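The chains carry the letters A, B, C, D and E, assigned in the order they are written, with residues numbered from 1 in each.
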Amino acid sequence: MNSLFFMYLTNGIVMGIIFALSALGVSLIVGIMNVINFAHGELYIFAGYISYILSVKLGISFYFAIPIAILTIFIIGILIEESLIKPTYGNDMYSLIITFILSIVLQNFALLVFGPFPNKPPNWISGATNMFGLFRYGNQRLVSCLAAIGIIIIVFLLIKKTWFGKTIRAVSQDRETASLMGIDTSKVNMLSFGLGCAIAGAAGVVLAPIFPVTPLAGVEISLIAFIILVIGGMGSLWGCIIGGLIIGIVQSFGAAYISSGYKDIFGFIILILVLFIRPSGLFGRKAL
Amino acid sequence: MLEVQNIDIYRGETQILWDVSFRINQKEIVAILGANGAGKSTLIASILGLLHPVSGKIIFRENDISKISSHAITRMGIACVPEGRHIFQDMTVLENLEIGAYSKRARPSLNKNIKWVFDLFPIMNERKNQLGGTLSGGEQQMLAIGRALMSKPDLLLLDELSLGLAPKITIDLLKTIETLRDENTTILLVEQNVEMALNHCDRSYILETGKISIEGTAQELMSNDHIRKAYMGI
Amino acid sequence: MLKSKYILGLFILAIFLSFPIYIGKYWLHVSIISLFYVMMASSWNLLAGYTGQVSFAHAAFAGIGAYVSGIIAIKLNIPPTIGLFIGAGIASLFGLGLGMLCIKMGGIYLSLTTLAFSEIIRLIITNEYELTRGTMGLEVPNLIGFYSKTIYFYIMIAVSIIFLLIIYKIIKSDLGTSFRAISNDELAANSLGINVIRVRIVAFVISSAMAGFAGALFGHYLLLITPDISSLSQMFLILAMTIIGGMGSFFGPIIGAFFLETLSEYIRIYGEYHVLIFGIVALIIARFAPSGLDGIYQEKISPKMAKS
Amino acid sequence: ISADTIKIGVVGPRTGSAAATGTAFAEGIDLALDYINGKGGLLGKKVEVVFEDTGGVPEKGVAAVEKLVNRDKVPLVVGTSHSSVGIAISEQANRYKTPFIIAESWADEITSKNYKYIFRAGPCNTGVVSEIIKWLKAEGFKKASLVAENTDWGLGIKKLTVEALKEANIEFQTIDTERNSKDHYTELSKIMKYDPEIILAFVYGFGVHYFIAQANEVGLTPKAIIFEGAGPPSLWPQFWENVGDAGNLECFISSMHKSAQPNQVAKDYWDNYVKKFGKEPSDYKSRSIYRVLLIAFDAIEKANSLDGDKLVDALEKSNVTVPSGQVNFGTEKGSVWYHQFQPPMLIIQWQDRQQTVIFPENVATGKLIRE
Amino acid sequence: MILKATGISKSFGGLIALKNVDFHINSGEILGLIGPNGAGKTTIFNVLTGIYHPEQGNIDFNGEDISKYRPFEICHKGIARTFQVTRAFLDMSCLENVLVGIIGNNPNLSPAEKKSEAIKYLEFVGLKNSVDTQAKNLTLVGKKRLELARALSTHPKLLLLDEVLSGLNTTEMREACDLINIILDKFGITIFWVEHVMSAIMEVSGRIIVLDHGEKIAEGLPKDIANNAEVIEAYLGESDA
């Protein structure tokens, strides 16, 4: 019983961190631009595919494949922002609708280009580690989890500690006034959307070896990310992490002790509970 | 320092400013006065590059800035207190001030300037970790002024400086402005309180339905009958 | 001017009503499906287009209506003609609950929460195998004693017209003005004596009841309901139709529904590209003509005709 | 009825998560058309196939048949792969009195309803399960974990297997899972705890790839053998990339293997496939659709008509030879075997990334290898 | 007495915005509220109109405690307000903006009556020529007028005005003050207003309350307030402005 319990707990935490990373990109974009990027999951998937193609089909070492994939998604993100999001500034609902349509387009595009099968870049590391003599845990999972923590920390520092972070928040709140402070708002918006997408890409690259990508898997990624967003509070980075952990742990124990069939529903139940108790999310600010 | 030459400004289809020209010299406080809807804020917006003139030029230190985007203009050393304040609602007072010092020339003296603003408005120091959007109306106005000062601008545009400020604060502020001028900042002031503006400016222009109708030194305008009647209710 | 519009409308209606005589079984089927989407898109538009609440749970409400009506017909032998109303009623109750849960936050929260809700519904339908037969689909009885596409066609038309009249009434009424005030500035509307939460929930409940009714009707027409009825891809269709036709316009969703359904028949052969094409069309319209086909007509074509 | 061609309707998932099956179907259709039109067509007319998408969703399947019957006016429909779609379509085809020959929907319900116009020339759950149990007994497995996806098919086959395992006196536990679930650590720990000799996994989706890879991580395999009961997931092209070495020794069920070609038709099919597409068929679904099309051609030929009732007569008397042997539809009402033709099934094990047929013995090319 | 507030307290996090404030409003008077920036004036308005609920104290309006009511309920009871930072419905025309107030309080009028009511108020505040103008195209002052029309359209018994005069020049201010007197005389609406423009508030108000740091520091007739040492110290400064 005990070893099982620790196994569930460990797996819950690892999955939680992975979820948090998957949600980080959307959370960032919501936080700084008030735009929900529905196509988040698809960008994640694309990054996975790119790293797969580079490393499996073209034989490029994953040390190079990873940055190339992230960079590509960054550029795609910028293109999306310039072509689709820019005209919608100030109209949150419209950007939501546009990115929703975009996500459907990208899904079907991926289906045509990559086919319906899952694709998996090679593991960075093989084997499994015996955890405290209680159970074995896949090494790749542990390494991906560490990479996720690393990325989360970098993003935190970037947003909380640099001028760039402050600047993007200013732009998100009042474009015109920000430009009166000498900020080139178009550039900042472009970069911050690109950054959010790049984080989605980074998540895709880091997680593809454990969870191979399929064209439709983006939907799940986005859904989990959105649940985390609402639970944690829109745009709050801390909320994103705590929300991810809650979902990871609850899913793990729920699947273990209640039912694996309803695994995905546990997240939703938490969501409803949170909305009852604190409508603006755990870390959300209450709007006036 | 700044020279506006015969500009025509439109908002959408409607023309707001007709052939407006004026100039501000270095180390001068110039007031633009006029009734509601005369186009004062529009004028400020066009200097800042938020609106571009259809014809005419705006020259700032020998550069034509009439077609440049606003972030580039502000980087040249122009700052403003916009009408309606436009505080960054979800950022703290401190962060608002820091953003004011965004431009490269202002960043080195960031800490010094923050201290200066806090001296000017002690209440800002008390509220420094409060979110901008939750400040009272007058506090927001102080923050907007402080934020503009953070960039140590060469030219400061003030749209409705005294809006919502307690009389005492307004008096202090006007004194500060005069000090600033003496320290080599040029100031363009838009005010409703004509009497007060004239008491503290060097020169003034009157804008009436989109056209400059009268210009002159403060004393000249003070004694102008039309102005006394239409704007000062005397 | 106004009179000629009415005559044109009646003329179109007459052509439409005579469809069963000459278009053949298959196209009749296509028309029935289009009418289902007219109901779905128009009622969604009431919510999203007029009150700015972009809900992703609309397809889920159709699913609730369909399953409720189907299940009670099978298990309790309640005639489908009554089941339709019970289905719509239950859907509106869910709408009320969901509305109370997330409407206070509005905006993006509402969108995301309704999205999650629709996933819950889909998961429950899939997992509650005993009741719903899961992905296998629930075979439900016919609405009336015998099966006739022509009769279904007329029922669908009648219900669509009733829905559209209700929607039209609402948006032209004070409620419609309140909708817009709220989407502009909630606090100010509240201070002017508008019970914001109630108005929002009213919109939510009306539109979910409509979706539930339409879903139930559709289920009884197809004789089969599967979890797909409440899936995101259904939601995408509804949204795409509204966007393509024109969001926030009365005729938009109607135009959009017929446009996409007809288009869908013509691009059938390109199976894999099907949804991709819909998506791209919707994206282009959303980007370059945010007011949709109806908007293009109002801005470009109508003034020209008026001039000439 | 068109003057110069005979149209046959095919339904299958060309989009959605099982789109791979649609691709395989398209290949099989090509080969079948080459074959029949090469012979000069049917009743002196060229044969044409209208291939409609089901997306793996019953409603879309129904819409596809609606179109095939009412717009294209096909005399008969074949195809489909999901049980749910098969069930929905059979209701409708029977209503329209249009013969429908099912290729790959395994649910017993389809034929046990004993509908006049519905035939199945592909596996049914009962048939598959009995094959598996025979194998389990032959190998002497004593303790099994039964993992099933929570869909109609998974739950259906689970129920049959549970009964059969009880009867065969094999000790077992059951665990439910999600078809597309990616993280199986929780389920796997429960299985670890139980410590079975064999894991019967009924998952028709990519989920099983993750399951196999993760089972190896937690140390469940190679001690225990994984048997995958849906066939294709173990044959999908990306299988090895996804599971890596964890795929070694995995067993699965299939209806086709290169080394087990029962007749000339099968050999011809294989050669033609390789010639036409320049590769070997990756799974057996292209051959499944080929199979049902051959049956359909034969029935039209024999009936010498496109009338539904006559076609049913011809099908009931069918004895055409297809790659999986000679077709004989059961005609006795009252069971799953009515209008059912069960192609022989093979149990195959991956040994050093090569398929080895290990059961039934008469076609086996090797023996089961355990750790 | 139309309204009596006793012991009102309200804080934001650690900041005490209102500390045990008592005041009353007589019906038919114009009561002024002044005080330094951040003293809590707008907060009092927000508490009176149900946007915030006070942590302590109660608000008796015509014999009913309204301190727990929500904004729209309070509006129905007869308190209307304008916002210091204007909040017009920007995407709607001026007419529609005012209609919202009428719909919220008088839903039973016929559409034609509603419209003529709305136009009546727009004319009254001087927006006669802007009936169909989109609110977003108004100037700041235009928006303030619109807010006033909207507030009046709810048929209030008590009207709260938050800095309606700011941004007007002296002449315009005169007109506005006349308007305020007319609102009292013609419509019989009691007025409670916040203003930083001393000349106006001293002249128009019958009585004035002074707030500082969330506490009431003075109350009385304008001329007494103007000479109150504490008020001069906290708020007015010693100049003549």
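Things to note:
Convention: a residue touches a chain if its C-beta (ideal position, glycine included) is under 8 Å from a C-beta of that chain, and two chains touch if they have at least 3 such contacts.
On a predicted model such as this, the values are computed, not experimentally measured, just so you know.
Counting hops only between chains that touch, chain A reaches chain E in a minimum of 2. Listed by label, the chains that touch chain B and also chain E number zero.
When the interfaces A-D and A-B are ranked by how many C-beta pairs touch across them, A-D comes first. Look at where the CA atoms of chain C average out and do the same for chain E: the two points lie 44 Å apart.
Centre to centre, using the average C-alpha position, chain B and chain D are separated by 77 Å. The geometric centre of chain B is 52 Å away from that of chain C, both derived from CA atoms.
Contact with two or more other chains is made by residues 51 of chain E. Chain C has residues 127, 187, 272, 275 in contact with two or more other chains. Chains that are in contact with each other form these pairs: A-B, A-C, A-D, B-E, C-D, C-E. Considering their complex, residues 33, 35-37, 41, 83-84, 123, 127, 130, 134-139, 141-142, 160, 163-172, 192-196, 229-233 of chain B touch chain E. Listed in rising order, the residues of chain C touching chain E in the complex are 174, 177-178, 180-181, 184-185, 187-196.
Contacts from chain E toward chain C in the complex involve residues 49, 51, 70-72, 75-76, 80-81, 83, 87-92, 96-97, 99-101, 103-105, 107, 114, 150-151, 154.
Interface residues of chain A facing chain C in the complex, by the touch rule stated above, are 30, 34, 36, 83-84, 87, 92-94, 96-98, 100-102, 104-105, 108-109, 111-112, 219, 223, 226-227, 229-230, 234, 261-262, 264-265, 267-268, 271-272, 275-276, 279-280, 287-288.
Within the complex, the chain C residues that touch chain D are 24-26, 29, 33, 126-127, 129, 133-137, 139, 222-224, 226, 228-229, 268, 271-272, 274-275.
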